[in-house]
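After this come two complexes, each holding chain A, first together with chain B and then together with chain C.
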Partner chain A sequence: MARKYYHDDPKWSDVAPLPQEDYGHHPLAAIAYTEEYSEAMGYLRACMAANEHSERVLELTEHIIGLNPAHYTVWLYRAQTLSALNSDLRAEIAWLNPTALQHLKNYQIWHHRQTIIDKLGSPDGEPAFITAMLDQDSKNYHVWSYRQWLVKRFDMFDGRELKWTEGMIDDDVRNNSAWNHRWFLVFGGTVGEGEKVERDVVVRELEYAQDAIRKAPQNQSPWNYLRGVIRRSGLPLSALQHFALEFADPENRPDDDVFSSHALDLLADIYAAAGKTELAVKALDLLATRYDPIRKTYWEYRKGLLEAEGRKEETGAASAAAVETAAA
Partner chain B sequence: MASAQAVPVDEGANLEYAKHIRYWRRNLKTFLPHHYTGNDSMRMTLAFFILSAEDILGDLDGALSPEEREGFIEWVYACQLPNGCFRPSPATDFGSSRNDDNAIWDPAHVPGTFFALLILILLGDDLAQVKRPEILAWLTKLQRPDGSFGETIGVNGRIEGGNDTRFGYMVTGIRWILRGTVEGPIDGIPDINVDQFVRCIQASETYDGGISEAAFHEAHAGFASCAINALYLVDRLPLAAHQTPDNKIRGLTNLPQTLHWLAARQTLTIDEEDAFDTRGDETDSAATCHDAHSFVKLKSYPSATGEQAVRTQPTSHFELQWIGVNGRCNKIGDTCYAYWVGAPLKVLGHLDLLDKKAIRRWLLDKTQHIVGGFGKVPGAPPDIYHAYLGLVILAIFGEAGLKNVDAALCISNRAIRHLESLAWRKSIVG
Partner chain C sequence: MAAEDSSAPPSARFEEVLTISNRIEELSNSENEYEEMGTVANEHESANIAFINSITVPIRDKFQTETSMVQDDTLGEVLLFLEGNPNDFPLNNFGLPQLQRAKHKSFLEKAIGDYEPHMAPLDAARPWYTYWSLQGLSALGEDVSTYRDRVIATFKQCQHPEGGFGGGYGHLPHLAATYAATLSIAMVGGEAAYECINRKAMWHFLGRMKQADGGFTMAPGGEEDIRGAFCALVAMSLLNLPLELPPDAPARQQGLTNFLDNLGDWVSRCQTYEGGISAAPGNEAHGAYAFCGLGCLSIMGPPKETLNKYLDVPSLIHCLSSRHCAPECGYNGRTNKLVDGCYSHWIGGCWALVEAAAGKGLWNRGALGRYILSAAQFKKGGLIDKPGKRPDSYHTCYNLSGLSAVQHEYVFDEDVNSDIGQDNLGAPFHWKAEKQVEEGKVWGDEDVVAETHPVFVIPSQAATDCRKYFEANPGF
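Right, the complex of A and B next:
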């Protein structure tokens, strides 16, 4: 982009820029600004100080956003200017689209977009724009957060949104952002917090996650999802035992016959809840030594908890026996 | 906080002290290159990272003349606004043109105030010029009805900034610095609504045990760390079994699940190539599923490439020498997440759930840069943010030669002791 200056621009001749004050001889984290940025900021300070809201302020803020999109007040100042001028907000969105694509990691831009779309009162064009953003980075946190806002603001909790999310999961079954979006659609919309989830929804969600696991058994996203559904619907974890045994069976199958570390993890919990401590310990041992040694210390910690639990029970049983003996 | 347990001595990997010191002195003494322009409105944050890195490396006294130290303190106080809070950078200062009408474009700023206080503490200032009552009263105005906190107060008194846990963390950090964990009004200064803040964090807990920026958003280690550190700073972490219940609302409704999620952030996906392999591939093999390691069998092979990948999988634990840390499920390791995952585990008393030795090796062998500092991923140039958090997590792990740090406030324990020694603070906290 060509450099832009203001000192020789007749449109700005009435403005005296406010240079940056850097407080003495020991500024901290001073940046070697380009002349272009320094000058533009001087004009921005002058405009802000005068509370000027004009077309040229829109141009100036656009210029500065291009150089420093994380400047938090420049966005607020621009929003206020748009509102004061009663500007065409569709034009603002048309400008924001390429700007967002240029600054994928920027955070402020999404807040601004939200303000504009909220005022426009329509999500038209937004899903297509989001798709363009996700093509660049399919796990962009800001984009997914914005999508949630859009769905809530315009009540898009319908089959189409779920279908789109399934498409994202089909593209990349390990896209945890897409899994999370599905969770939001199913459990964060029409179903209230703590409200009972309909049985057919629970069945549908369990089957969906299970199918995805069969496709890529070592992918943690659907395993987390599966556990989440079980907890949210109040079912016991043991409802997943049959499924988990497809991928590992420390009781009946050889130790090298394991298809997913996450199945062992789940089975360890199921066995522990059922009081089958030995099997739980075996599953955790397999994880620590063979199937997930990255987390060795974590699996050993879990084993330690089981052993401590076991000791407590033994002590409990012993004192109960003592009481009975005494009573007899 | 108790001092960290040292990691076992590892002959292979070394922290290049001299290079790190050179890197940080350069950041301290010379202009930052212009590509930091995108951080122009958060210079206070960069300044804190620079000075605190020097402190942790034990180079602060050596690097600063008394005149420089005074000059830096003056610079921070020059960022103080008439209402007692701080701006994060001189970039919005209108000088003598400042008035009530334009003050909203140069607002009191949460990160600006938090990092200004931390810098003053680590430079040994007594905070006598800090306007405690004004700052504490301002914190209460930043809180929204849902319990979350914003970053600034804007047009028509609107609370601006995301409602994620970052600002909640910094607000509770400011509160801890200025009044410890004492709850309720002090000398007529109101307190934030701690209960409502804890409820807000509970609402951000996710189905997989992580914590996100807001209810139903994706679990993210940065937000999880801010939330857990904030709960620590307001003394609302879950009570341990031996502690007496106090009927207070406490955060983390499912601690075992949260520990599971934090431990799961350790990954063998540590460079772009690994990350590319895990995308869109239908196989789970040594080559494609780095989080599982190599020992998982497939029922069938969806493609010839998939089969090849499994057949050629490494059979040793060689790769386990280096373990990275990611911020979200199925993402690549990144230096900063070693801190964002390590800090909450430290605060929760479970740092041992991480493989400190292998994470240390990853940082030192893979993301430590030849000129000093750390980059985000192997081969990336160092930047102030990653270089600082890489150093801090090594200090939390107990790296020899680095100062002990307070994991929650991300500053040396030496600096914390200085704060705790100040008479005004003792009179509040006891």
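Right, the complex of A and C next:
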């Protein structure tokens, strides 16, 4: 790309660029800016100081973004200018598209896109664009967060979005970002954060996660999802016991017969909730010594909680007995 | 070098670890069989191999997806470094590579030196580079106050006339830059450095970032996420700023009067169904945001109160604990993602805060120490994400901070520093570094890095001195 300067451009003759101020000592991580970058920044500072929003400012910001796409100030000022000028936002999106692919991990670009689409008031074309981005990087945090914003902003909590998410999970059942998106669609939207969930939705979600677990039992994503659904719906953890026993059964099967450490983890909580402390301890021991030993201290901590809980119950039972005795 | 060639075939050992993982399908095999398969491995190597075998999960799904394939590739690369010593580093008493202090020091010094013109894309991140290098050097035991004049010159340029710091001269103020600037200034310390901050303007800037829902945007017109909440509170706490929202704060129009209004609830909404913490409500749980969320709550009050009040702590611990990758030994940032050295801090640093709320002994320090020393040191200096990657100051800082979290134990105790931090977000000034850790020790004395403040991630003394100064000089 040809270098671009402003000092001899008649369009800019009315502007005196603002050079960078110096404070004596040599700054840290100082960059030997090119003359081009330095000059363009000088003109931008002058425009910002004068609060100028104009077509030439759009050109200037485009130029600087080309030199440094991680320059949040330029992006933010460009967004302000677009808004002040009532610019054609469709054209802005068309300009953004090729840039986004090159800079998937750039916070600014996604935020800018969000600002523009919000103003435009229409999500047209965005889902397809996002899908193309995820083809490059299926777990990109900015892209998924942007999609969640989009769904919420345009109330897209519908069957179509859910179907698309299922496709993403089908592509890779271990894609946790896709699982999180499913959660967001099912529990984060119209249902509201605190509201009660319909029973058939709960059943559908439990079955969906269980089917996924059967494909790859050591995949933690659907196990976390399953626990989440139980917690969110207020069902007792024991509702999952039958399912978890498919993958491990510390009570009835040999210790070698474990197909998922996450099943043991879940069973430990199920047994604990049911007061079956011995079985809970056994599940945690299997995790600590054999099936997930890197987390040994954590499993031991969970055992410690069981014992503390047991002591509490004993004292509780003792005092209840005392109350009964006293009442009699 | 093997580490830089991702197309290299998996090592024989990798196949072996997979075999251990497949043990579930070969129940008749004895466990010791695998140890006899060692070739000419020396004593250290066989000790390392035995350790890796001891933490390998003996279950492996046959069903392959993109995630499991990149996972296998990564494990193959990482194992070479966990077991052998491809960098030829001198070894410590535990047979692991020693911390390459001199090399890392010179890497970090270079990172705050001068940059060529083609590095313009880091223009807005200069405050970060400064913070990462100064904190990395502090962890290595260097006295960074020698950088005072240059830090002052750097941040005078970055300070915005209407408050807060930006990435450079004339940049808009940004909470990430403000965070990095405040911490860098606190690290070099001294009146001249403290006084270069326009606190009153800062207070107004932070007031403009506060949102009615409780959170903070990163910049005017910028994104609202949990980094904003954490960065704002770090600045407020270190600079002893009033909690009252300034009169011109837009959130006042929605009835808010205090910086903490709705904040705890907003952080609560960032806790996901997995138990971890996301950038903003609805997003995926992520290690870096977990640290920001816990840091934010630990500034709002004693962790035992605030974490238990605003979070489901058992599921939080479950999620953080699940981030430990076996047998890679390091942390990942999200479920089913790859191990990465920066999470040595983002997750490793969470534990002091969580343990203050839930009790000690939650995590495997030794395994993480192993990842940092064996797999995250770059041959020529600097630390890395994972073998095969290039070093940068971000991964150097956060691996070293993670190593500090591994080696030191912190206790929250209201009686510590009771002369300061009695109001205005003073809770984080009541931590003490209790002792060096012995359990799971895989580092020699020469590998010990300096203790680090568990919330501010700078030397504790620097945090205390800064707060003391602004308690003695509270006016604007």
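Assume the second predicted complex is superposed on the first by the 285 of 328 C-alpha atoms of A that agree within 3 Å, B and C clash if a C-alpha of one lies under 4 Å from a C-alpha of the other, contacts with A are read in each partner's own complex, and residues count from 1 in each chain.
What we mean here is this: a contact is a pair of C-beta atoms (placed from the backbone, for glycine too) under 8 Å apart; a residue touches a chain by one contact, two chains touch by 3 or more.
Keep in mind it's a predicted model, so treat the numbers as computed, not measured.
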| item | value |
| --- | --- |
| Partners on chain A (chain B, chain C) - clash or fit | clash |
| Partner chain in contact with A:115 - chain B first, chain C second, else both or neither | second |
| First (chain B), second (chain C), both or neither touched by A:166 | neither |
| Which superposed partner A:18 touches (first chain B, second chain C, both, neither) | both |
| Touching partner for A:30 - first (chain B), second (chain C), both, neither | both |
| First, second, both or neither for A:292, with chain B first and chain C second | both |
| Which of chain B and chain C A:309 touches, first, second, both or neither | neither |
| Which of chain B and chain C A:50 touches, first, second, both or neither | first |
| 1-9, 37-45 or 253-261: stretch of chain C that collides with chain B | 253-261 |
| Intersection of chain A interface sets (partners chain B, chain C) | 18, 20-34, 37, 41, 45, 48, 67-73, 76-77, 80, 107, 111, 138-139, 141, 144-145, 148, 171-177, 180, 183-184, 187-188, 215-221, 224-225, 227-229, 231-232, 256-261, 290-298, 301 |
| Footprint of chain C on chain A - complex, ascending | 18, 20-34, 37, 41, 44-45, 48, 67-73, 76-77, 79-80, 107, 111, 114-115, 138-139, 141, 144-145, 148, 152, 171-177, 179-180, 183-184, 187-188, 193, 215-221, 224-225, 227-229, 231-232, 256-261, 290-298, 300-301, 304 |
| Residues of chain C that touch chain A when the two form their complex | 24, 27, 54-55, 57-61, 63, 65-68, 111-117, 119-126, 129-130, 133, 147, 149-154, 156-157, 166-172, 174, 219-223, 269, 272-275, 279-286, 315, 317, 319, 321-322, 324-327, 329, 334-337, 359, 361-364, 367 |
| Residues on chain A engaged by chain B in the complex (per definition of touch) | 18, 20-34, 37, 41, 45, 48-51, 67-73, 76-77, 80, 107, 111, 138-139, 141, 144-145, 148, 171-177, 180, 183-184, 187-188, 215-221, 224-225, 227-229, 231-232, 256-261, 290-298, 301 |
| Chain A-touching residues of chain B, taken from the complex the two chains share | 27, 31-34, 36-44, 46-47, 50-51, 68, 71-72, 74-76, 78-79, 90-95, 97-98, 101-102, 104-107, 109, 119, 151-152, 154-155, 160-162, 206-209, 212-220, 259-260, 263-264, 266-268, 278-280, 282-284, 289, 291-293, 295-299, 317, 320, 323, 328-331, 350, 352-355, 358 |
